[in-house]
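Listed below are the structures to be examined.
Two complexes are shown next, each including chain A; its partner changes from chain B in the first to chain C in the second.
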Partner chain A sequence: MAGIIPASQQPGILKTLLLCLPMIFITQMMLSAGKPLPTEPAGIVSFAVTFIFVNSIFFLMIRTGKTDRWRSILFVTYSVCFVLSFITNLFEVRGSMAISQANMIEGLTPFCHMVIPVTLIPAALTRTIIFPGTIIGTWASIATMFVLWIGSSLALGRGFCSWFCFFGGMDEGFSRLFKKARIKKVNPRWTYLPYAVLLLIVLASAVTLAPFYCEWLCPFKTVTEFAEITSLKIFIQTIIFVSLFIALVMVLPALTRRRTQCSLFCPFGAFQSLTNKINVFEIRVEPDKCIQCKKCIATCPSFSINEETIAKGKTAMTCMKCGKCVDACKQQAIFYHIKGAPLAHGKPEIYRRLFIYPAFLFLATMSGGYVQDAILKIIKLIATGSIF
Partner chain B sequence: MKKLKSFLGYIWAVAAIIIALATFFGNDYFSRMLAASTGVTINPRFSGGEIIKTVDHGNYKTVVHRPVFDALIGQTKEGFIQINWEPAAGLPQVISEGIDYNGDGKDDFVITLDTATGKTTLAKNNSAVLDVGESYHLKNGWAVRVLLKRQP
Partner chain C sequence: MKLDGFILGLSNGVACIATCAPVLIPYLLGEGKGIVRNYWVTGQFLFGRLFGYLLFAVLAWTVSSAILQETGLRNPIIGIAYILFSGLLIFYGFFNKTNVSCKAACNSNKYKRLLALWPALLPVAAGFATGLSFCPPFLLAFTGAAEQTSLLAAMLFFFSFFLGTSLLFVLAPFVGMFKRFQVLQIVGKMAAGLMGLYYLYSGVILIIGGLKII
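Then we have the complex of A and B:
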């Protein structure tokens, strides 16, 4: 079996369980959100299934030494459940996925991390946030999302994109639809596009004092919420975001087997590449061990590894720390690393575990609520014929 | 030096676990702290701006926000003023109200709102008043934005 731990050195069941104990304890607290455990049958089932599923994923990560193979299962499930939970909640509360101007004036728009980069300049100059949400006190309030972003950036850097983002699992899911890539070569210059989009939306939002990305470009409005079509302008915006979703999140990932929205368009990902500088975890390559099989280059979903970066012993700044290249390298030449720690004769499995504890905490906690809610709604649908 | 770097690296890596836990367990506290320390508010283009006057009509009240001309730097030439009427339960079928937003003792415009349909009409008494914008059916009443020109 390929991967960072040879089969002979994999931890035994008991040691794996011991290593999983902290996660079992923490996920129990996180999934119950500090409240007593549910007592009604549907609640018990959704809690138990989520708890077992999440902890099984972590157990397998520790036991097999594979990261991406298991992370991906939870990450894609998280995205699917997020969409299911979010949309059904909108129908329950608002009766539709469309958000009206009145809803916006009342500050009823949930704030998502994608808006953060465009809010910073106006916040610094006007001390206001250019978003029709609420600062604090509601679900998905602006302050809550900022705290989550600051914490996850400090702990994971651009690992945010593979361990936190509730949208990332969508194009990751589509990128795994086919076994072989239909489009094998993508010009590496396209990887600069997210930085251009970032610059455009930051400037445009500052000038117009409106979240330009949300209004014009965000593909994920297709599966969350969107402005009610009341004018030609909103109609054009709708055509743009639906087209971007189909192209970047569905078609291109399926054809290239890469996360094209995340690596070729997402301005928040570009922004996270910059905040990644303050993070301690990185992926390193030992060029001496490398046999030039180029499996890592072929599998990297974010175009972050190539001959040039391999020669330098690292990945590009766009690396999302998903661990796919680490899993793919049979020579164990690619590994998680802690900045400052020794490279040669280091302890790659210790580095990996130190990374996946905080990373998995974010993934498990963020996904847990949505997975539970989605299971609960599916049970309700089966039992009563209605999700509400 | 190498050992110190390595030690600091491990410390930071362990701190990442603590940061992850603190991010979730302390989210409420940190969110409140962040909001209080930065003092940021929602941009008035979305919220309507601060309230400058409330008129009590018994069954309902009229809430007048400040005129909004906010730009990134300085002010825009054109803006709006938002008027809210609430609560929904106490609103009459038709509201007709004179608004003096610049405090000169004279009504700058008279706005009429049909609370059944959201249809509005505007009578201007001030050259700075441009037009009536959209009317919004809120959870707890109605809001209307009247477009204004900035006066020197």
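Then we have the complex of A and C:
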């Protein structure tokens, strides 16, 4: 089996290249940020490697008909490069990963999408953004992230979590460490925990007028930036978020082969699930074709498919549209679909392509800069012994 | 009626509901009852708050506020109240009926029996514990009560303060509109359990260090 498309129906190399042309042009423009191509050797190498890497991934997606197999490679690379690039930038600018109170007062904390749900109620009630960042003008400003979030939510729904989020690739990477899951059964009740965390942080942030999630719970502070430890309270907060990172991003994904942080804890993911309701793309199941092998249930990283949803012919609201179940189904009973389009006589491969163009564009655009930067720093490190 | 206490309460009602909402709303969602029943539960919650307020009215009158501000006993006492309350919330959120871990639930039969015997225990305790938050309006009320000439006047002052702050709770029971969504009950209970963890932390910190939180 050479993918979900039978070998006879796979597009030829020329057709695949033609289908990739729009992405080649767009990624060239996005990776160069509209500027002339770099002229120094390290810049040329990092640009060329990123450009070839990203477009090879897209080529393989089109050619083989597999989505998740190739997406996951870029998605995990994206996360690793994001961490490399982010941390080295912090050291370059601040000399440390810790952010001081003075930096926070100056509004120098980069805004990330995880904070969006907790800022909405205080913003509506008090017309203030409860985050020590800048509204506009910087690469990680609040306005920039809101615009990106709205655009990607409209285009992808919760696909955001598999095609956009720069943290998601971390637990995805750990979930692929072992071939077999050590923990096979997880009580489905725990899939409601992200909603409870969401309720808690939204209420607590409205009460304290502070980003409660960032202060107390965000596991990814471990690999990005965190408050300088100046009190017992911050010390306890540090213990909490580091423990959560180790447990939810490293250990549990490796043991369960699922994205446990994203599906059992992340309040932003829970919030993002609601956007699946307004997004036109969905994953559908044709129960008539299904042979009940349950491979999709076993492989879904977000616990979004079970017998009940299969009987209904769709995935749960929490589906991240990663395509893992689509790749796993040898009966082609699971496929990308556009809401309202016919099921029985539809053309799943066309629907899939219509989804992966915008989805991949987001992934390539978001990942490209970080991958380039990380490669550039590695080259500098090898050549000069320093990343700065 | 102590009008000054009432107005003080009314003007600070938003701050009070903001403190209580993270506990009350998840609990109401977790119970999954209708609006009428939620009014009854909110009443129990408010009764707990009133009890806490009146207790402080007595303290304010018998001990001068200055002495109580200075004493090292205030934070540990509230810390212990928080820890007891957090135990109830955590049990309610993660082990009561919707037990995630049977073993843990089976070991907690005493709590189960306690909650079954007196279902009002949790809302009353929640009201009591959240009523003990030393927010600025509460301290103002405490000072106001301390200035009263008699115990009855001090209690009336706190009672009118309580009435003023309680008016905004009228809307809380309307979360009962979502009672058909059973998932929200699970989510509400879990959120209450998580809030319990936060109160546990708050209690421990108050006991060991008197750090100001929430």
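Here is the rule we go by: the second predicted complex is superposed on the first by the 386 of 388 C-alpha atoms of A that agree within 3 Å, B and C clash if a C-alpha of one lies under 4 Å from a C-alpha of the other, contacts with A are read in each partner's own complex, and residues count from 1 in each chain.
Keep in mind that, in the parts below, a contact is a pair of C-beta atoms (placed from the backbone, for glycine too) under 8 Å apart; a residue touches a chain by one contact, two chains touch by 3 or more.
Keep in mind that what you see is a predicted model, and the values were worked out from it rather than measured.
Contacts of A:K233 after superposition: chain C is touched, whereas chain B is not reached. In the superposition on chain A, A:P132 contacts chain B only, with no contact to chain C. In the overlay built on the shared chain, the residue A:V207 is in contact with chain B and with chain C.
The partner that reaches more residues of chain A, of the two candidates chain B and chain C, is B.
Once the two complexes are laid over each other on the shared chain, residue contacts for A:L14 go to neither chain B nor chain C.
According to the touch criterion, the shared surface of chain A, contacted by chain B in one complex and chain C in the other, consists of residues 206-207. Listing the residues of chain A that touch chain C in their complex gives 187, 189-190, 192-193, 195-197, 199-200, 203-204, 206-208, 231-233, 236. By the touch criterion stated above, chain C contacts chain A in their complex at residues 18-19, 21-22, 25-26, 29, 98, 100, 183, 186-191, 193-195, 198, 201, 205, 209, 211, 213-214. Residues 2, 5-10, 12-14, 16-17, 19-24, 27, 30-32, 34-35, 38-48, 70-73, 82, 134, 136-139, 143 of chain B are the ones touching chain A in the complex. Those residues of chain A lying in contact with chain B across their complex are 26, 30, 100-102, 104-107, 121-123, 125-136, 141, 143-144, 146-148, 150-152, 154-156, 206-207, 209-210, 280-281, 338-342, 351, 354-355, 357-358, 361-362, 365.
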